[in-house]
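Each of the two complexes below includes subunit A, the first together with subunit B, the second together with subunit C.
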Partner chain A sequence: MTEQLHPEQPRMDYVDGNMLAGPLQEVFAVDLTTATGRCASCGQTGPVAALRVYSNAPGVVARCPSCTEVMLRLVRTPDSAWLDLRGSTFLQIPMPAESFTTPGPVAM
Partner chain B sequence: MARTAIPGRLTKRAGWWVARLVDRREETATACTLVLEVPDWPGHLPGQHVDLRLTAEDGYQAARSYSVSAPADGERIEVTVQRVPDGEVSPYLIEGLSIGDQIEVKGPLGGYFVWRMTDPAPVLLVGGGSGIAPLMAMIRARRAAGSRVPFRLIYSVRTERDIYFADELRRRVREDQGLDVAYVYTREVPEISPAQAHRIGVADVNSHGWPPQLEPTNFVCGPTGFVEAVSDILVALGHEPRRIKTERFGPTGA
Partner chain C sequence: MGIVSPGFQGRRRPAEPNLPPGQYLTEDFPVLSAGPTPRVSLTDWEFVLSTETGAESRWSWDEMWALPTETPTVDIHCVTHWSKLGTNWRGVSVDTLLDGVDTAADYALVHSYGGYTTNLPLDDLRDGQAWIVHQYDGADLPAEHGGPARLLVPHLYFWKSAKWVRGIRLGLTDEPGFWETAGYHDYGDPWREQRYQGD
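Right after this comes the complex of A and B.
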């Protein structure tokens, strides 16, 4: 049996930011899906894992769940990864306290 | 398309592990659990997922995310796969992959949709269809650790025949103290059920979930439309959005 979507139903052809963990792991040393991001368009903050992710585009496009503007784009080519974050004001990444060290001036 | 799971020339790189299928179990007519042996697997947390990658003979690659449905057992991990009609990857995983075949695995992935045993908050799990997979990992991890954290599961399925892990869930409810399971049937109810077939609604979540005053952690996993509906209900019932963790796997049937 096939599901018929009513025409007035909103598009549901997205998944969420949880699936970014694999593609982003190639680039970053930490899990960015637990990071909190702020949308540059509407100012909403929330976990990267809760973004709306459309992976049927070339690469992956992650949109703000509140205003649906693009917050993150990641395209993988054979020899590089393109990461476009212009739709995000910041990413706040949880870090363990013990790894926080500020390099001081070099002692002479 | 004819496809070999992995060409021999591939070695572990960029976080991909070479795994071997060691066992498979039918869960429903359209879903099965694959038991993979991953040498040097570092272990995972309940709720995490892996990416599975297939490579065709011409080098074309396709990867998909799948939830791990059981706690790690040494180098063995279990993923439960629902067959997506016309899907690029799942029909091959269910029908084309034989015991002993190799496949590439990246993971464990994701630190968001994860139950941490150190968190004493009561837990509500709401699963739609194959969305039960990561929730089952949490139920099994709770059992394995002897945790007393109270768990409630609301499981929405089309019919009784579509329940994954049906026997084990019955047993868990009998044996695991502090675990309650309620079912919602969307197409056809079992004969003894007093309820009508319906989509999950406020009454289901209100009766079988926790009051927001207890500050439970709510994990919701299923098709995108299902997850949107349930998280809207939880917010309307007064749960804080940060206590609602969601995982969407696409349109219904995906």
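Right after this comes the complex of A and C.
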């Protein structure tokens, strides 16, 4: 970590959302850091990889880079993962076109 | 469990009698944080104790530290497995703040500058078990450790000792806090290793 130029500026105590690749890949089959999320607090939309992640904690806490409200929390216990996404309105996840099926009634 | 060699104790037992199960000793003071460190000026700082009726007691920084202080020396235990023994603090006993407060509440929700919350039974804040502290090791409490003031409830895992404490809301029902709504134990007794829900 580089030294802050301004002595009164607080030391950066988070890392970027790319840190979430491993912890989330354990829960989901896709890399969610390329997903786009919307902050439920301020409405900012951006990639999960751009979130501010506080991982030196009892769980992983990802905050909106705009308003710093919590968008995602992930706690790993010995036998479960607890994922709280109430701070995110949505996650838009890139998916391959070949797996797309048109929603609607199934043709008989 | 696999093959157990003769003499194996089954569960790891700490060599240090003051060390709860699953904990290791540390001499430094690790900094854990779930968000940016709030910067609160002492002129703006206040502590609010509210009851289930909505009645509030408020203390400014100067009013808080005009109250009688105590200097507890206690062991602290973090749920991330480190323990630090014989830590020295200065603060006001929560008993002093509760003195004269009319309440029938059984539960407390502690809230902090920055938005953090944690819950515990009101009884665990009474009888010399909890303090609002503003000094550590004879010096002002650094912001990264919860300054200007934090809660200290050393008989529970340290996530209950909320940094940057702003107030306590007393209630008739239990309201889970920040980590308690994300898989961590509602009570958090380190001697019973209550780390996660179901422990």
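Quick note on the criterion: the second predicted complex is superposed on the first by the 92 of 108 C-alpha atoms of A that agree within 3 Å, B and C clash if a C-alpha of one lies under 4 Å from a C-alpha of the other, contacts with A are read in each partner's own complex, and residues count from 1 in each chain.
To be clear about the criterion, a residue touches a chain if its C-beta (ideal position, glycine included) is under 8 Å from a C-beta of that chain, and two chains touch if they have at least 3 such contacts.
The model shown is predicted, which means the values in this text are computed figures rather than measured ones.
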Practice prompt. Using the superposition on subunit A, decide if subunit B and subunit C clash or fit.
Written response: fit
Worksheet item: Touch check for A:40: first (subunit B), second (subunit C), both, or neither?
Response: neither
Discussion item. Contact-wise, after the overlay, does A:13 reach subunit B, subunit C, both or neither (first, second, both, neither)?
Written reply: both
Worksheet item: Regarding the shared-chain residue A:93, is it in contact with subunit B (first), subunit C (second), both, or neither?
Response: neither
Practice prompt. In the overlay, answer first, second, both or neither for which of subunit B and subunit C A:85 touches.
Written response: neither
Discussion item. To the nearest 10 degrees, give me the subunit B-subunit A-subunit C angle using C-alpha centres.
Written reply: 100
Discussion item. Quick check on the superposed model: minimum Cα to Cα separation from subunit B to subunit C, whole Å please.
Written reply: 8
Item to complete: Pick out the shared contact residues on subunit A: the ones touching subunit B in one complex and subunit C in the other.
Response: 13-14
Response to the item:
Per the touch rule, the subunit A residues reaching subunit B in their complex are 2-3, 5, 9, 12-19, 21-22, 25-26, 31, 33-34, 46-50
Item to complete: Using the touch rule from the top, collect the residues of subunit A that touch subunit C in their complex.
Response: 10, 13-14, 54, 56-59, 61, 63, 68-70, 73, 75, 77-78, 80, 82, 84
Fill in: Contacting residues of subunit C [partner subunit A, same complex]
30-37, 39, 79-80, 115, 159, 179, 181-184, 195-197
Practice prompt. Spell out the part of subunit B that touches subunit A in their complex, as residue ranges.
Written response: 14-15, 49, 51, 63, 65, 106-107, 109-113, 223-225, 227-228, 241, 245-253
